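Multiple structures are listed underneath, in structure tokens.
Below are two complexes that have chain A in common, paired first with chain B and then with chain C.
For the complex of A and B:
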């Protein structure tokens, strides 16, 4: 580098005295110097090329090392059992990740359902409805600035936001406390008291609960009850000192006088209450906040790449803005929007921090979500949990689970590429 | 002024005597007499007109019209009448405001946030600029063809059916009939009738532009605005479009912007010359090209600048 200024000095020879305009005679250039300079420039170009190749290979090498180490560590655990089983504290060798796969997909589904309409809608507003007045221009600029800022917010911050916004809902609807309050339940739940019968062996009957605030019931006289099949019958009461029923069927319909029943909730798949609690619904909505800026920016880019001439053609035929968006802009931008959205979903499925904050670190679950308010395990949380344990088996399980997660991501990205190609051809 | 450029006589006569387009001239010769008659009629009625030329029963009346982009004034106090069922050409150097005026005629400038205007612009008595004017209906009456062919990335059929579908509820049969009528009218039916359901982007540039014209007339406009419709096309396609424009003026009022003075002289009845946002001169094409009254018009049509 130190020789460069001198080389430049060779070229910038002062014009010969007398040629003030500079166009009279070309400045004398030493032919020897020019050829030296050209060789040096070619050398630098070559070096720069090699540097670029080296740098790009470096990142590939890091990826290959990562994949190789994970594959070596985890291949022993890759089995059908891993895909179909559930987490096990006692028998790690037979543990699996089926609930976490279902949980991740469920959360991703919620995330897609909420983030995609919002994100694409925002992008359409920002790109297709250009501001016509000063307040509108300010609004556009304000939204645009905020989206750019939100894209850079760490995901754990979104986790905390989701915790107060979706899990607790700022305690506006009351705090959820086990066996005391469940917030405001809107649908999908039947509340009962569960009472032991005389039949023994843990046989119970259910008595419909009328007052939500009353957590327990004491049975002193016959009441209407429901058996495990859902049939209603009148529950009879046996008092100490009177002859005890001996018929097993009769015993199943009788309780001891003064028996106490605890609260019991029977929930359907559509169970819905207002603070969402630590549910996969809350986790999905939180993740949708994480990916919303990504979806918006990708959709904006896609809409911006639609040639303006197509919009003009549509407006020129008398189309309204909605007709233009619906028939021209969106179809043309759809491949780009889909690609961006699927990449954003890939980000969502791999996020651990916000899910940990919202759902907690529970991994002991042997099925996917049973209702909308159910807690779930997700793949990243499971990997986080397994990788933090001391037993070598769990380490290997974590590596195997990472392979599964990568395969899921790979499938999603391939789908994105496939969709983009297919839509291009369809045009 | 006295010595006309040698090419002017050929330029200013719509029925050209170019030998290499004999067949085309044959087909046009029958109408040329009638065309010349229509071209001269308004001129006789109102005489030669300067910047504020007025004609009887104009389709579009522009009075004291100013337009701005932000603080830049693109058009200054224009007065111009555009006659019905004739071709009016806007000529002038780049940036002189002719496209701006065209885009105000169907309010396409609504899309441009900084564009605003003042003055009167009426189309058959409708105040085009009034905020209460229904832009959707206005654009249905005033179709537009753009500089670059811009068919939608759909099939040929879907392209033409796009406009009717926006405004009308048609049965499949009616729609097919309308599409065929439009494509025939735009002189592209014979070339595309066997591949109506193949992508429009597979057509050649000239065919695409005629498809765009078919798309524009499918919604049943009265006026067609053409913004340099041939500037992106090869000479053969240009000829086809010019023939078509000549043909269409019997049914539509056509306003076209062109950079090509030969084109203006070949296929327009009236010409308006713009320079730096002002209307310098307007009148019957033949007269404007052969006996321009303004020095700048003369310089421009002789190719001394612009």
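For the complex of A and C:
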């Protein structure tokens, strides 16, 4: 709505002549008192206006102070090292946030893949398939109310749900203590025993594990083994008292009789198990629960803004409801849906509490995720960790990491605005 | 009756596959929608199931939990000495929330009135994006702002009367966080008030102040109250700001200068402590979470109902 005529100017409170303004026609009775009264009322009005301006400016001031203080605090730490390095307990001055950047991207990818189809689907169902009977109408209203309520649930509660639902899966795959059992492994993992060879220097070979329950193996006779390149060979056994092999290559393929090997899991990128454990998959799915209501509400608004005449034309041509949705409503609402989705993803990138609950508070990780069940660090969790430390260096690091995070958010929001401008369909 | 040509040709009729596809799509979309109900059910089942483990323990009773004024789940490793009374956490939460609301509600409402009634389009182009940017700032950043600027600022102005971690600095940061939400929801409500009401008020000789405060705001009251309730529930559930800035000591007091662990702050501390799964102390976090959920869910539900039921319809 445009501003009202009486206060159209920035600081000009005097109503323009002929507009709906204050003292144009003072009431005929008790003229003296009324003019006093109206002077006081106009003064109040002017004071209120100044209060409005002052308080509104306050939010601008707060934003400026926030950005300025963080920039001043963090600019000293902004460097290439910050972007490429990893967290370090001993040398905070050389710490970086590369693993957390990769982690955030990975989690947001999972989050987008699960939340967007689900959210847009729900929005389409609620907006385009209007209920026809009374019980259906009730159900419709209930789902709508439920979504509004989900939007108000604190994100940390979603974190706890993710912990039960994705990390432990309600313990249906056995009682899983924190980070102990592997649960049911479906693919992408090879289990071996790792045995020290005679070559020394920590050189080991791997022996394929047949029985998962047996945690260690004792080698008394030659068995088939695998070296670090993945070649199979027969492992020979050297017994005390017999001549020890001297050739280094031979030594690398020989173990002492009675040597004990511990179990070792070699995981490929497609390692998959149930439950998900403290993995970025679990964190991404948890975040998708957090942003689902946001995606739904934004998509619903976008669909609602598509003029009904478009749909009616489509129905008039004999299209079914789904055909209308696919060919008419959805394309027309796409810019709005995309904008809402990107804003929701921005929320997901900045969200720390649920990730903290699902993945734990540890930040000691040197790389991004190695497989689908790998733990990761995200930017907000790293910032939380650094900001909670006493040392001045970590405080500055936190500010620098915040700058990086804000830049990422800025890029995403600009993309949203650009998409909105570019894809706007004039209807 | 003679059928139109289009319907006589088989080509134009609905095919079985088409009808099936239509039904399938509806089923898939309905499944998506029902899943959101499943999430709510999941939350409730999870919270009740896990806090059941807590209340089952002989060291805890529901009465003690609801009335006790001492909370030492994290401090006492020894279960016999641990006390589980929710009130310190509740009082911490409400101290922070109250301070946040004292800032966010008046400022948010006044800004909304300004935006909707007075601001020129030039001011709007500055103010609205500013509020959107504040709304988009991650909460962990505001928590850092609280310990970087607000808390030292408070200590400076009061000569060190405030603790390094205190309820006030966390409350101010949460207030900043809630302000855009209050503002945009209230502005929506003010927008819905028809122009004719304002014109009527001006025609009776009201000043702009009287028009907005005595006519427009009361007309939009249901929307504004619902905005307040939603902001309240958001402030109660806010986590990262209080985890960083409000301190880790659960205190049962009304002193805003003291440390005040909130319910969400306790959950984060418990998670951070990597406490062993299965201990009573660990399960106590679910008892706290269910309290938190009941309060925020109630607030949100009330806000939604007020908005729907008491919405004044203008045609």
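One rule holds for everything that comes next: the second predicted complex is superposed on the first by the 368 of 427 C-alpha atoms of A that agree within 3 Å, B and C clash if a C-alpha of one lies under 4 Å from a C-alpha of the other, contacts with A are read in each partner's own complex, and residues count from 1 in each chain.
Following the convention adopted for this analysis, a residue touches a chain if its C-beta (ideal position, glycine included) is under 8 Å from a C-beta of that chain, and two chains touch if they have at least 3 such contacts.
Here the structure is a predicted model, which means the values were calculated and not measured.
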Contacts of A:371 with chain B and chain C, given as first, second, both or neither: neither
Partner chain in contact with A:251 - chain B first, chain C second, else both or neither: neither
First (chain B), second (chain C), both or neither touched by A:327: first
Partner chain in contact with A:71 - chain B first, chain C second, else both or neither: neither
Touched partner set for A:48, first chain B, second chain C, both or neither: second
Partner chain in contact with A:88 - chain B first, chain C second, else both or neither: neither
Greater residue coverage of chain A in the superposed arrangement, chain B or chain C: C
First (chain B), second (chain C), both or neither touched by A:314: first
Partner chain in contact with A:343 - chain B first, chain C second, else both or neither: second
First (chain B), second (chain C), both or neither touched by A:409: second
Contacts on chain A seen with chain B and repeated with chain C across the two complexes: 320
Chain A residues touching chain B - in the complex, by the definition given at the top: 130-132, 137, 307, 309-320, 323, 327-328, 331-332, 427
Interfacial residue positions of chain B with respect to chain A in the complex: 106, 108, 111, 113, 135-140, 143-144, 146, 148, 150-153, 162-163, 166-167, 199, 201, 212, 215-216, 219
Of chain C, residues touching chain A in the complex: 14, 18, 21-22, 25-26, 28-30, 32-37, 39-40, 42-43, 46-47, 49-50, 106-107, 110-111, 113-123, 126-127, 130-131, 133-134, 136-145, 147-149, 176, 179-180, 191, 195, 198-199, 202-203, 205-213, 230, 233-234, 236-240, 243-244, 264, 267-268, 271-272, 274, 276-278, 285-286, 289, 292-293, 296-297, 299-301, 303-304
For the chain A and chain C complex, residues of the former touching the latter: 1-4, 6-10, 13, 19-25, 27, 38, 41-42, 44-45, 47-49, 51-53, 55-56, 58-60, 62-63, 65-66, 69-70, 73, 117-118, 121-122, 124-126, 129, 142-143, 145-158, 160-161, 164-165, 170, 177-178, 289, 292-293, 296, 320-322, 343, 346-347, 349-353, 356-357, 360-361, 380, 383-384, 387-388, 395, 398-399, 402, 405-406, 409, 413
